[in-house]
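First chain A sits with chain B, and in the next complex the same chain sits with chain C.
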Partner chain A sequence: MLSLYVPGDSVVHRARAGLKLAVLAALGIGLFLVESPAAMAGALALVVVVGVTAARLPWRALAVQVRPVWLWLALLFGFHLLATDLRTGSVAVLRLLALLVAAAVVTATTRVTALVAVIEWLAAPLRVFGVRPARIGLVLAMTLRFIPLVAEKAARIREAQAARGADRIRLGMAVPLLIQVLRMATTVGEALDARGADDAPARRPRRTAAAS
Partner chain B sequence: MRWGRRPAADADDAVVVPGAGIELRDVEHVYGERVVLDGVSLTLTERRVGVIGANGSGKSTFARLLNGLVVPTSGTVLVDGLDTRSQARAVRRRVGFVFQDPDAQIVHPTVAEDLAFGPHNQGVPDDEVQRRVEEMLDRYGLAGHRDHPAHLLSGGQKQLLAIAGVLAMRPQRIVFDEPTTLLDLANTRRVARVIDELEQDVVVVTHHLNLLAGFDRVLVVEDGRVVADGAPAETVPWYVGRMD
Partner chain C sequence: MKSRDLAYVALFAAIVAVLGLIPPVAVPGLPVPITAQTLGVMLAGSVLGAKRGGLALLVFLVLVAAGAPLLSGGRGGLSVFAGPTAGYLYSWPIAAFVIGLLTQLFWKRFNLAWALIANMIGGIVVIYAIGVPFTALYGDISLGASFTGSLTFIPGDLVKAVAASVVAVAVRRAYPVIELPGRRAAAS
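Our next item is the complex of A and B:
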């Protein structure tokens, strides 16, 4: 679910990240106010159409997001069939699906930097309490950067242990992984220092050459 | 425009002596009980300086002293007249640092974002940051990877990205700590060429001795002391001879 940006210059790509997030939030609220299966199906169809035609995204970009939760949606549907009824079940499933696809469209058409900038903007009022919004943005960006890296390290350790015949020990993996991650964290801290993270301006520099 | 957050920061520049080089005076560094560097005094003014020595001899510690990532336990390090102890920020602006493992140095999820990180931190205006990002993408053949996740780059491309991220900050000098240790032969040569073409003064810590062929000066570190110091034609064979 990381780095899902699909480069392009469609209308949706060019729309402001803040607007896209606002629409997404509004859709989220709207979908929970309505309870009709037809409206849900309509919403799902609409976001799919927006994603595929307006944003010109490949089907794959949307499917990738939905695939990991198929099973849960199916279970949810089954649960509703047993506990409530077909109508409630389809509303619940279609609603989640519509939201998921809508979120996929937003993430696929918006750069992480732009999303992070919106979050920094939202966090700006916290400045009063001494919070530095740029810091929040950096932490988010670094999380997105390092999750795949840690996953990769974990996979490598698993391979190394499997190569030595340990194909059952899962807990044993945690120790070398932790050591590797901590060691890297030290260097990352130094790198942040070396790259001036501490010098970060209190505000984002304006898009003019006037600041000097 | 000033943000008024660090009023004294610019006063640092008052004492800059451009071209004075990096001077170490009686530097000693201790981790816990262990003396890692011991009585190092020298001045680096050459364009290309190499540092070699066995594992654990203190090379990385030495390298980190040069841009103030490590402050010596005793003694002084001056970069163009700036003390790394009291003017760390100004020193770090002048001296870039490239680490062995680019994965630890790349902190943003995509290539272009990571290139923008350093100059943005320096307060460079957005349009100038963008200009530098374009320049670096072009110069290091990363233009096709602009929005790609950094973790999908090859090892060689990651190291180029790490170097480009430092260059985007326009430092006067760059310290490299084993920049080619994790690379294959082709990428080692590529990075060697990149370093060779830099207009900045560089200090390179390495175990790849052939990287140092065209260098002006090579230091050999052993147990925290500089035991040999001179042209690579003399120091490198001397170092190799000591291994036998």
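Our next item is the complex of A and C:
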């Protein structure tokens, strides 16, 4: 439903999500250690080539993710021309562009579920603090389910208030809406507990690590 | 955490996402249109409290990072976390946490004035304290220039702090979540 993922079966698509995130993180650190415009231009060219040829992404898929910051990049470049010099400005702008395109490539070639799985894996050490990774998956799934529900309830309350002649009181609709959805969330939480999804470990013998 | 708490966390993550669907509102006299998403940050903190409010925003950011285009204007994916204004995003869970902490602190005598204090400290001071230096470091510009660039958003943020406070006080009266009787907590 909601995704920036572009389906495909290229090498980049098939690479493990954790590996792609690790490369992205390394790039994010690495590019800040270098200060030469040529290296930045090379890095940008490399990530574009990886995105367009190796991952076979359409240009549009990359442009959609980079477009929102064009203006900011232009302003940044202009600021550097005035305040510092051409070299510093081009390094800053090229570095940001390379990082943005690299992140766009990872997002476009990796399914939301695969990234959520990486998040669950990364959260595993938090078990020490009593966090259960499976509960994280539950919260993420619930959020995706709640988004259309909240939007629909908001639309209904707006209609109801318009029918009573309220023209455009946005604040007035927030309170009944919040109370409605809070009630709904309470019910959902209680339903989950009733089906044995609650935290109390005593309810069921704990599964061994091998089972999962 | 009880499943009910998880449901509240998911709910407010969803509310922040839905607020991103609202087109920016142009207010006469303000130079920049107001987007509604930081209103969700303030509401999460002042309705759910520190822990659940902060987690709600964390969940929201995780979904954005995983590629759901939930930020206003349909933005999402990892690239927004590498962008120049990513510091403001990182500040959201912390802001919601701080607002929640202050709200819990003021809970017994909570009224519009205390709500405003909590929302202005957490929802404005904290967000700018993280976002402004981040943008400065990222774009290699001075702190002052970065701050001046963000000043245009302050009037809109004040409007949102007032709105969030009015709503938070009304919700506390009708459906207080922070002090909801802990039947299950007592039972276990």
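Criterion: the second predicted complex is superposed on the first by the 134 of 212 C-alpha atoms of A that agree within 3 Å, B and C clash if a C-alpha of one lies under 4 Å from a C-alpha of the other, contacts with A are read in each partner's own complex, and residues count from 1 in each chain.
Operating definition for what follows: a contact is a pair of C-beta atoms (placed from the backbone, for glycine too) under 8 Å apart; a residue touches a chain by one contact, two chains touch by 3 or more.
None of these values were measured; they are calculated from a predicted model.
Asks: For A:Q65, decide between first (touching chain B), second (touching chain C), both and neither.
Replies: Touch status of A:Q65: second partner only.
Asks: Pick one for A:R156: touches chain B only (first), chain C only (second), both, or neither.
Replies: The answer is neither, since A:R156 touches no partner chain.
Asks: Quick one: name whichever of chain B and chain C touches more residues of chain A.
Replies: C
Asks: Considering only touches as defined above, state whether A:V175 meets chain B (first), chain C (second), both or neither.
Replies: Once the two structures are laid over each other on A, A:V175 reaches chain C alone.
Asks: Which holds for A:V112: it touches chain B only (first), chain C only (second), both, or neither?
Replies: Touch partners of A:V112: chain B and chain C.
Asks: With the two structures laid over each other on chain A, which partner does A:M142 touch: chain B (first), chain C (second), both, or neither?
Replies: It touches chain B and chain C both.
Asks: For A:P7, is the partner it touches chain B (first), chain C (second), both, or none of the two (neither)?
Replies: After superposing on A, A:P7 lies in contact with chain B but is clear of chain C.
Asks: Which chain A residues lie in the overlap of the chain B contact set and the chain C contact set?
Replies: The overlap between the chain B and chain C interfaces on chain A comprises residues 2-3, 5, 111-112, 138, 142, 144-145, 149, 184, 188, 190, 192-193, 197-200.
Asks: Taking the touch rule as given, give the residues of chain A at its contact with chain B in the complex, in rising order.
Replies: Interface residues on the chain A side: 2-3, 5, 7, 111-113, 138, 141-142, 144-145, 148-149, 152, 184, 187-188, 190-212.
Asks: Name, in rising order, each residue of chain B that touches chain A in their complex.
Replies: The touching residues are 1, 3, 5, 64, 67, 69, 89, 92-93, 96-97, 99, 101, 103-110, 113, 116-118, 120-129, 146-147, 149-151, 165-166, 169.
Asks: Touching chain A in the complex: which residues of chain C?
Replies: Within the complex, chain C touches chain A at residues 1-11, 13-15, 17-18, 21, 43, 47, 55, 59-60, 62-63, 65-70, 73, 75-85, 138-142, 145, 163, 166-167, 170-171, 174-175, 177, 184, 188.
Asks: Contact residues on chain A for chain C in the complex?
Replies: Result: residues 2-5, 24, 28, 65-66, 68-69, 72-73, 76, 79-80, 83-84, 88, 92, 96, 99-104, 106-108, 110-112, 115-116, 119, 135, 138-140, 142-147, 149-151, 154, 171, 174-175, 178-179, 181-186, 188-190, 192-193, 197-200 of chain A touch chain C.
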